[in-house]
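One structure coming up, written as C-alpha cells, with questions to follow.
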C-alpha cells in the first residue's frame, strides 16, 4: 500500500543543498521515491503554503524540511498539513545552528515538527527517520533497516579489529 | 497624511495578551488607532496570511506581532507584506524567551523583523517604536515623543531627589 | 492494516508522568491503543533493551520516550529498534531542559530520534506526531487530524471574537 | 513629503564597514539619500550625542547603527532622539555576536531599538526595514518593495527550475 | 592624600537600589565618603554625561555603576571619564543577568569597565574592590581590609567548629 | 593487589581516536595496562552492554569513555557496571562540545559518570584521574604522580626563567 | 586494605550543606568513614591548601568538594594533592549552576577534577562515585554496589507495576 | 607617592603570552614599572600563593591575571591579597572564553576580581584600567589618560574624514 510512498525534501535556500544532499542520497540508495524542492517560508510563502496543503493529495507521505536561522520552514509546512514533518536545523555562521534548532523545535501544541540533529548528521537521520516511518507498514523497508542496523554493528566491530 | 495611521497588534495566543497589553495601553494613551487580533502562524496560517496581505490595503501602517517559542508569527507576517513588522519575543516557561528571540530575530535577508526586548518591556517598546516610525512624518506624534523623552529625564531626576 | 497500531509511551522516571500524561490523554482521546511503561536507560538498562528489541514484535508501531537531564532513553531505545522513536525532553530543575534537549536530539548518523519541544507542549505534540505518522496509512486517523486542524483555526477565531 | 528622506548609517568602528556596506549598497540601489559616519558610543561619546540630538533637525528620517561587543551605539543614539533607530549587532570574534545582540536588544522601556539579525544579513535587512518604514508614506518606495517581494518569489522559483 | 576619597554609586533605576544597597552598606561601614545617584544611560543621557565628565573635578575617586538588561550605564560613564569605573550587572527577569553581564563587560579597547559578579554578590564586591583600590595608597583602608581578610578566614573556621 | 590493574579506554567512533590518543599515551607512559576499544552506545549497543557487564570480571579496574553529541556512551556503560566510569566529552562541530558535556554529565542519581574537560585536555586528564584512582592503593603510581606534580611546578618555573 | 578508607566531604560555604548532605547520607548509609569540613578556596585559602596537602597523610582516600559560582574549591584542592577529587557544582541563583559547572570541569591538563551533575543529584552521585572508586579494591563495597544496582532495577519495575 | 607604583602581570601558561602582551605593551608605553610572571593556580599553587601574599610587600600596587578554562588564577591571587586584582578571561578553543569568563567573574562576596573583556581587548583594557586606578592619585598618569581619551575621539574623527 505504501509502495508508492513518496517523500518531499524541501529546503529554504539552495545554500542548504550541500547539507540536504545527505538525505537525498539515502532515499536514493533505499529506492524511495522523492522530490526535492526549494521553498522558502519567507521568500515564497504562498508557494510553500500551496505545496504543503496539497502534499498529501499529491502523493507525499511525509515531508523533510531543512532551514536555518529563524528557521520557519518546517513549522509553516506543518501548519498546512497533517502529514508528519521532519525538520533539519541548518548549521548557521554565527550561532552554529542553535537559532535554527530552537526555531524548528519549540513548536506550539497541536503542530509538531519531528526535529533531528543540527546539520549533515541531522539530514542523514531525517532520511532514516523517514524510512523508519514508512517501514512501520512497509515490510521491504523494514528489512532494509534491519540490514542497516546490522551493518552499523558490523562497522563498529570491523573498526575494532583494525 | 498619516492621521489615519492605524497600527495592528497581533499575537499568537490569548495567553500573550497579558504581555501585549503593555503595547495596547501606550497606543491608546497616544490616541493612535489600532486593532488587536489573535492570529497564529501555526494554528490559523491562512487567516494570518490573508490578514498580512491585506494589511496595507486595510489601512494599517505597521504591524506589531508578539509570539513565543518557535515564534514564527512576526516572520510569517513579514513574508506577506512590505509594511514594517515589529516582533515582540514572549518570555517562555522553559527557555525564558531565548527561543522566541532567536526565532523572531534571525530572519533571512529580504524579510526583516524589527525585534525588541523580550516580554513586557519589549511590548512597551514596540508601541513606542511604532510611534517613532509614525512620528517621522506626523508632527503631532513627534511632539508627544519629545514630551515622553523629557518626562523620562524628569522621572529619573525626581527619583534622585527623593 | 494499522487498525491494530499500538503506541508505547515510556519514560525514565515516575516523576516524568505529570508531563507525559499530556501525550497519554491525546492517544486516549483519539482511541489509539497504547501502553505506558517506566523504563530507565540508566537504572533498568536490560529491561529497556529487551523492551526495545521486542517492541515491533510485540505489536508496537512507534515509541514515545520522555526523559530528562542526560536524557539517554530515547536514544537507547532507538539503538535497539528500527521503529520510529519520538523523544520528549523533560524540563529540568537547573538547566530548564537544555540538557534533556541536546541529549535527545544530537544523535549520531544512523540512529535518529524525532525530537519535539521541551516539556508538556512537547508531550502533547509527541502524541499528535504519532497520530500523523499513523495517519499516513490510516484514513480514520487522517480524518480526525483534519478535524483537529480545523478546530485549531476555529479556536483562534473564537478567541478573536471574544 | 518624504522625498527628501535621508537615512543615517553609523557604526562604532571602521572594522564594521565590511558588514555595514551591505546596508549602504541597498540604500544606494534604491536611490535613498544616506550618510555614512563612524561614531563610537565609547570613544567619541560627545560627537555621538551631538549627532543624535541633531539628526532630525539635520534631515534624517531614521538611523541605522551597527556595533559589536558591549554594543551601546544604537541604544545611546536612541537615548538622544525620537527618530526610529535600527540596531545591527556585529558578529564578534569570541561570542559570535550574542554579546552584540543582547546589548542592542534588551533596552529598557521608553527607549526602543529595532534590532535585526546578527551580521551581514542583519545589515541588509536594516536597509530593507528602513525602506519599509519610509514606504509607509512614500508610494515610490512601496512600489519598489513590491518588486523586491516578487523578485524574492521569482528567485526561489528559478532556483527550483535549475 | 586620599582621605577625602569619595566614591560615586550610581544606578540606572530605583529598582536597582535593593541590589546596590549592598555596596552602600559596605562603604558606610568602612567610613568611606560616597554619594548615591540614579542616572540612566538611556533615560537621562545628558545628566549621565555631565555627571561623568565632572566626576573627578567633583572629588570622586571612582565610580560604581549598576545597571541591567542592555546595561550601558557603566560603559557610558567610562566613555566620559578616566576614573576607574566598576560595573555591577543586575540580575534580570528573563535572562538572569547574562544580558547585563555581556553589556557591561565586553567593552572595546580603550574604555575598560571593571566588572564584578551578577547581582547582590557583585554589589558587595564592587564596594570591596573600591576599598582595595583606595587601599593602594591609604594605609587606614589597607589595615581594615587586612582585618576583613582575617575575619573571612575566621568565619569559615567558626562554621567548621559548629 | 592492583598490580594487574587494567584500564579500558573506549570511544564511540574511530573519529574520536585523535582525541582519546592523549589518554592512551599517558597510560602507556605510566606503564598501566589498558585496552582500547571502539564501542558505540547507539550503533553497537549489545556489544557495549556486554563489554560493560563483564568489565570487572575481565579484569578492568575502571573505564574511560569518550563520546560526542548526544554522548550516551559513558552513561550507558555506567548503567551496566559498578566500576567507576570517566567520561570525556568530545568537541563537536556545531555546538563545540556543550552537547557532549551535558549528555555525559547530567546523569540521574544512582549512576554517576566522572566527567572531565571537553576534548584533548579532558582526555589527558581522564588518564591522570585514572592514575589518581589507582594510586589510592598503589604506592608505585602514587610516587609517579608525586613526580608529575613536581614536574608541573618545575615546568612553570622554568618557563618563568626563560 | 582499604578498610580504613576515609572520604573527605568539603564545601565552600555552609549554605552548600543542604546540597552536600545528600552525599553525607549515602556515605553514612554505606558505613564509609568520612569527615565533613567547610573550606573556602577564596576565604580560607591557606587552610584549604594545608588540608589538601595533608589529606593523604591524614588517611583520606579521596575528596568530594562542592562549590558554587566561580567554583574554585575542587580545582584548588586538586592542585595540592594526587588523591582523586570529585567536584559537585552547586546550583546558583542567577546562572543555575552553569558557572559552577564550567569552573569545576574545565581544568587544565595535569590537574583533573571528576565532575558530576549540578546540585543534589550531583551530590548523591559524588558519594556513589566515591563508593565505586573504593569498590575497585574493596569487595564489601563492591557487593553493596551490586545490591544498589539491583535495587535500581527493582525500583523501576515496582513503579511499573503500580 | 605612587611614582614607584609597580604592576604585576601574571598568567597561567606561556600560551597566554600572545594575549597578555597587549597589556604589557601598554604599561611599557606609559612608562609604568611592571613585572611579568607565569604562575599557575593549578600547576604551581604554592608559588602563586607566595607571590600573592608578598605582592604588596614587594612593591606591587595591583595585579593583572590572565587565565583560561576553569580560570582560577585571578580568584586565587585575590584570596591571598588585598591589592586589587584585574582578571583577563582568555579565549578558549571549545567554549570561546565563556568558561574563563564565568570562572573569573562569579567570585563570592568578600573576594572581588575586576573582570574585563575576553581575550586581547580585555588584556589591553586591563592595562588601561590599571592606569586609571594608578591615575586616581598620580597626576602624570591622569594627564596621559586625558591624552589617550582625546586621541580616541580624534582617531574616530580622522576615520570619518577618510
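Brief remarks follow.
Read from first to last, the chains carry the letters A, B, C, D, E, F, G and H; within each, the first residue is number 1.
Here is the rule we use: contacts are C-beta pairs under 8 Å (C-beta built on N, C-alpha and C of every residue); 3 or more make two chains touch, one makes a residue touch a chain.
Just so it is clear, the structure is predicted and the values come from calculations on it, not from any experiment.
In summary, the interface at E-H recurs among the listed pairs A-B, G-H or F-G; the equivalent pair, sharing over half of its contacts by residue number, is F-G. Distance between chain centres (mean CA atoms), chain D to chain E: 34 Å.
Averaged C-alpha coordinates put the centre of chain B at 36 Å from the centre of chain C. Chain E has its Cα centroid 52 Å from the Cα centroid of chain A. Per-chain Cα centroids separate chain C from chain D by 44 Å.
Among the residues of chain A, those in touch with two or more other chains are 40, 42-43, 46, 69-70, 95-96, 98, 105-108, 110-111, 113, 117-118, 121, 152.
The complete set of chain-chain contacts reads A-B, A-C, A-D, A-F, B-C, B-D, B-E, C-F, C-G, D-E, D-H, E-G, E-H, F-G, F-H, G-H.
In the complex of the two chains, the chain G residues touching chain C come out as 91, 96-98, 117-119, 121, 152-153, 155-157, 159-160.
Those residues of chain C lying in contact with chain G across their complex are 14, 37-40, 42-44, 46-47, 69-70, 93-96.
Taken together, the chain F residues at the contact with chain C in this complex read 12-13, 40-43, 45-46, 49, 69-72, 75-76, 78-80, 92, 95, 98-99, 102-108, 110-111, 113. Chain contact summary for the complex, chain G toward chain F: residues 1-2, 5, 56, 61-62, 82-84, 86, 101, 105-118, 120-121, 124-126, 128-129, 132-137, 142, 145-146, 148-149, 152.
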